[in-house]
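Each of the next two complexes has subunit A plus one other chain: subunit B in the first, subunit C in the second.
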Partner chain A sequence: MKIKQIKQELSYEILVIPAVVLFTIFSVLPLLGGLFLSFTDWDGLSFNFKFVGIENYINAFTVSDVFLISFEHTLFIAAVTTILFTILAIPLAVILDSKIPFTKFFRAAFFFPSVPSALVVGYMWSFMLSSSSYGFVNTILGNFGISPINWTGDPTLAFLSIIVVQLWGWTGWHAVIYIANLQSIPTEYYEAAKIDGANIIQSFKYVTLPLLTPAMSMSILFSITGAMKIYDIVYALTGGGPGTSTYVVVQAILKEGINLGKYGMANAASIVLFLVILVITLIQQKVMSRREEGMT
Partner chain B sequence: MSITKMHYKDKKNVLGYILTFVVLLAVLVICMPFYYIVVNTFKTMQDATFHPISLPGRITLDNYINALKIMNFFRSFSNNIIITFFTVLFSVFICSAAAYPIARRKTKLNSFLKFYFVSGLMVPLQAIIIPLYLVMKSMHFVNSFHGIILLYIGTGCAFNVFLYQGFVKTIPYDIEESALIDGCSPIRIYWSIVLPLMQPITATVIVYQAMITWNDFLSALLFLQSSKLQTMVLAVNSNIGSFATDWSNLICMMVLTILPVFIFFIFMQKYIIKGLTSGAVKG
Partner chain C sequence: MKNSLKIISSLCLTGAILFSVACGSQSNSSNTTTSSTGTQAATSTVAVEKPTTIRLLSWWPQSQMQESLDAFSKVNPNITIDFQFGQTGDPYNNLAKTQFAAGEGPDVFVIGSNWKDFQKAGYTLDIAGKPFTSNFSDTALKATNLDGKQYGIPVDSWFSGIFINKDLAEQAGVKLPFNSLDDFVAACDAFKKIGVKPLGVAGGAKSQDVWRFAYCEIFSDLYNENTTFDSDINSGKTTFAEGWTPALKNWYTLVDKGIYTSDMLGMDVAQVDAEFTTGKVAMTYGGNWSVDGWKKANPKLNITMIPWAGVKPGSTSLMAGVGMSWSVNAASKNIDSSIKWLEFMSTPEGLLPLQKKLNCGIFLKGVKYDLAPELNDALTTLADGKGFDPWAYWDNSTAVQNEGMLALQQVLSGKMKIEDVGAAMDKANKSATTK
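Let's look at the complex of A and B:
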């Protein structure tokens, strides 16, 4: 009986094998391998290497400032875009969930910029922001007598460009998450609030906003983790420049690791990136679940 | 049902009109870049330089003809199709097959496997890209379609298995049970009973895996270096440098790259949004 049972369970497990094999080779092995290599002085060529402890981690953040500044830039983009997504997407969702005409078309129009490849979106915007006579933004400004601005040539403006393009691309996406949540709020709550004498702002503040916690939780999580992984759009828009002033983490990892062969340091930085994303995810989920518990 | 819905009627439509107008303006801003690149693709170089914003004076298709040639459109497009098609096809079968026993059979092995795949959700591709590069090189998977297809399936596994196994729980067990009593093998049950019932979540998996694969730049840049294997995104990228001053062909390439995605979005919108929001409601 026992053996028969095991046999039956094993006949189910055949189905798992392909996924386990591919997942192990392309996700688990690289993660563990990267972790292992981050503690060695492996040069990418020979099989001779020794353990160097946390030397790579120290070197990555002290020998040159490339990783340090790229983490700073990435965290900055993550913080600013997350705040702005939340501020912009909630009102947008409220409007797109109301009874104004063409909401279906409007939602699609706001959502679409998140669909094409981020790289092509980045190049499209570098065309829009170009200082040549083609540049849309500078042409418009020129009509008001403002001389052309080199949007990606100045560190502050380059960051501004990246953030604006991110907002253009993803605010509608975040709004869709909020819309789904808004639709789950029962009308009775608003009626009750109205009977109690609440005005628009009060019922938004005391009914809508607290009940939007699940969507907010998801939106913030995706915004932060997405920004930590940012690469394509920066690569296309500023190339990390001017100089290294908009360098981001993934870019630094690729350059130091693959182009310059500094595997130890690049792996150390990758593990730090992984941990940052992991910690943010865990903290955010804990905070949000506590808030959700507090509400009910 | 939101707050604006409640109060919009009270204000005799005025608020509604104002909001519609504001949203319309915002939509125009959102659509502007698309209008701008599309409109300039039909202009001659001279027309585009002096009147970049207006509609084209005389429509020319020369830019498109050049762009199709330069980006080797038919090759890069069919490369995209091949890679995306096989990635999606195998992802659906492999991940749904894995999710079925994991969600259905309560054994220690399966609860470990569930944890194993779920922890993969926390591993971003970007953080393992260097060792992944080494894996791909050592397996001689660089510059091959099968290599990158396996990579896409492997890195997408965690999410797809997660979606599927969440769905399996909602399928009633009765039908499978009677099939099992009739002596059906688990593989047979999966294939002829469970897989067809998984259709709704399969739609989500197809749509998302297709978009991720189609738009991928990072892995494609590293693992498809040969120009014969170039995808459309890579074709745009590799031509960007040679047109520092003349954008006319380049914006055609952008339009040609965005157009298939746009058509896909028009038809698949429902599934894209459903996939996103079903996750949101669960929180």
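Let's look at the complex of A and C:
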């Protein structure tokens, strides 16, 4: 009986092999390669390199403050965008799931900004937020008598611009996750709440919100991992500037690694980034799975 | 000894730029005459019979290279070129280095001031002794020569300074060229009075032009008189904090006077170009390569390039240097065909179409060419040897230059004091040395 069960299990697991092989080749092996190189002084061009132990890990956070600053910035973007995605995407999903006219059009309109490349979105907003005479946003504000604002040239506003553009680009995408979850909530729950005298807000608070926990887990996971790896939108919008005021980790890795020829140090920072993402994701999964268990 | 070599090589390169521009300025005073004297030796040394494809990595876009590519195909029908473009600066360097690191380097590629990175890694083929190299001036060849080995052929010399809208200057009563920094400040005031933004600078992190005129001030105040500063930096005899700070403080007076403003940090080159070509801005930074694009955007644009003028009257300067060189990947499987490209780009047929597009100087012996008339006002300064590109001689050029750009952006955004810029560059220099 047991042998039959094992055979049956194996027949399923064989189907996983192609995915495992591809994941190993394109994710696990490069990660191991990066781990190996993080203990060397490889300059990215010459293949004459030597082992330097944990020197790169120490130097990455002591010789220059670029990595520390960029980790701070990245964590800040990850925290703020994750909170705001959750706050904005859930009500948006509820509205787009309700019986308003042109629902399909609005769903497509809100989802669309996530379709073009982040670089295209970044450059487009860079032009729109430019402090030049042709900056679109400042021209509009000028019509209302508001002085031009240095959106991407002021360190604080540059950060704000990145966050706003991220929200513009991805809130609709996160809303789609919530819409899928909303459509799986049985209408009987709302009917029961109504019979018990719950109003719309109470229904949302005591029925919708708790039952959206699985979608919230997914949305938060994607938001955190995406924000920790953010690069293209920052590169196109602010270039990390002014100075290093909007530098993010991936940008620092590319700059220090490829541009300045410190591949070993850049790999060390990449491994640290991987571990940070891993720890945050594990904590998030643990917390969210407890919430999900609490639902049942 | 090392310092002496650097001084000699610096002088040689200055000579090379003068040589190339001298050819250009000669032809400006007469009709264009293209002489191929001295270039006919570039006949094929290796026959390429079998059809091959070579991959060519350039930091000039295909639109600028197309005429040369077409002419090459006519002469070498068996060789197909797979053209790849990487934006000058970090994008190009990142692309080239990534390709080489992956073992997928191009057959022929462009090298600039950081060429020794590729040479040290063994990626540049020694072409010393190839007949076509003798078509170029010896001083220009020295830009990519190390220990008697030749790793590339020079393509262009570049120079850059202040471009000014002459119509607006006339309207504002601004006299050109400037003789001192005070003249520049007075011109800015005059432009403001007629309601025109005086200076457009693409100071955003993507363009990083914020440093260019700051460096020009340093050239005018320091390099015009101190010819050993860069070698002294490399040998540790001096520091940026010590040498550059007084000139940087002079530049910073422009920030105090509201000529350099923090909103420049929110602009990139395309946005500043749009303002300049439509007359919203009177002056901007540009080089010999800028004219073609600006004139296409606005054919009626009446502009001229003038040098930067420092605090001391008459202390003018420009940024100038040997631009790119073509090099063959030593690991290429198509070395014969790749050399054919270099051989072709050593002839007027190969090089002059690109020269016309870039308005640059070239180093082919006995070949005359035109420069855009908008560049004429800058040529005297260049002929006086006041064109500088010190980063080409720094041992840790990329790291130091990168830090300088970041620091000046931070100064303009109020996050750093001007007095601390030199120290930040010294720290980057030390850090790169002890890597």
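We adopt the following convention: the second predicted complex is superposed on the first by the 258 of 296 C-alpha atoms of A that agree within 3 Å, B and C clash if a C-alpha of one lies under 4 Å from a C-alpha of the other, contacts with A are read in each partner's own complex, and residues count from 1 in each chain.
The rule we apply is simple: a contact is a pair of C-beta atoms (placed from the backbone, for glycine too) under 8 Å apart; a residue touches a chain by one contact, two chains touch by 3 or more.
No experiment lies behind these values; they were computed from the predicted model shown.
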Following the superposition defined at the top, how do subunit B and subunit C come out on subunit A, clash or fit?
clash
Let me test your reading of the model: by the given contact rule, A:Gly243 touches which partner, first (subunit B), second (subunit C), both or neither?
second
Using the superposition on chain A described above, determine whether A:Ile146 touches subunit B (first), subunit C (second), both, or neither.
neither
Looking only at contacts as defined up top, I'd like to know whether subunit B or subunit C touches more of subunit A.
B
Once chain A of both complexes is superposed, is A:Ile87 in touch with subunit B (first), subunit C (second), both, or neither?
neither
Touching partner for A:Ile200 - first (subunit B), second (subunit C), both, neither:
first
Would you sort A:Ser64 into first (subunit B), second (subunit C), both or neither based on which partner it touches?
second
In the superposed arrangement, does A:Leu254 touch subunit B (first), subunit C (second), both or neither?
both
So in the superposed three-chain picture, is A:Ser132 touching just subunit B, just subunit C, both, or none of them (first/second/both/neither)?
both
One more residue to check, A:Ile283. First (subunit B), second (subunit C), both or neither?
neither
Thinking of the overlay built on chain A, is A:Ala266 touched by subunit B (first), by subunit C (second), by both, or by neither?
first
Of the listed stretches 19-27, 145-153 or 271-279, mark the one in subunit C with C-alpha atoms clashing against subunit B.
271-279
Overlap of subunit B and subunit C contacts on subunit A, residues 44, 127, 130, 132-135, 235-236, 254, 258
Subunit A-facing residues of subunit C, complex:
90, 93-94, 97-98, 100-101, 117-118, 120-123, 197, 200, 203-208, 262-268, 270-272, 274-275, 280, 398-399, 402, 406-407, 409-410, 412-413, 415-416, 431-432, 435
Of all residues in subunit B, which touch subunit A in the complex?
1-8, 16, 19-20, 22-24, 26-27, 30-33, 36-37, 40, 48-50, 52-53, 94-95, 97-98, 100-102, 104-105, 107, 109, 113, 116-117, 120, 122-135, 150-151, 153-155, 157-158, 161, 185-187, 190, 211, 214-218, 222, 233, 236-237, 240, 245, 247, 250-251, 254, 257-258, 261-262, 264-265, 269, 272-273, 276-277, 279-283
Mind listing the subunit A positions that touch subunit C in their complex?
41, 43-47, 63-64, 126-127, 129-135, 148, 150-155, 235-236, 238-245, 254-255, 258-262
Would you mind writing out the residues of subunit A in touch with subunit B in their complex?
8-9, 11-16, 18-20, 22-23, 25-31, 33-34, 37, 44, 92-102, 106-113, 115-120, 123-125, 127-128, 130, 132-136, 139-140, 168, 172-173, 176-177, 179-187, 190-191, 194, 200, 203-204, 207-208, 213-215, 217-218, 225, 228-229, 231-232, 235-236, 249-250, 253-254, 257-258, 263, 266-267, 270-271, 273-274, 277-278, 281, 288, 292
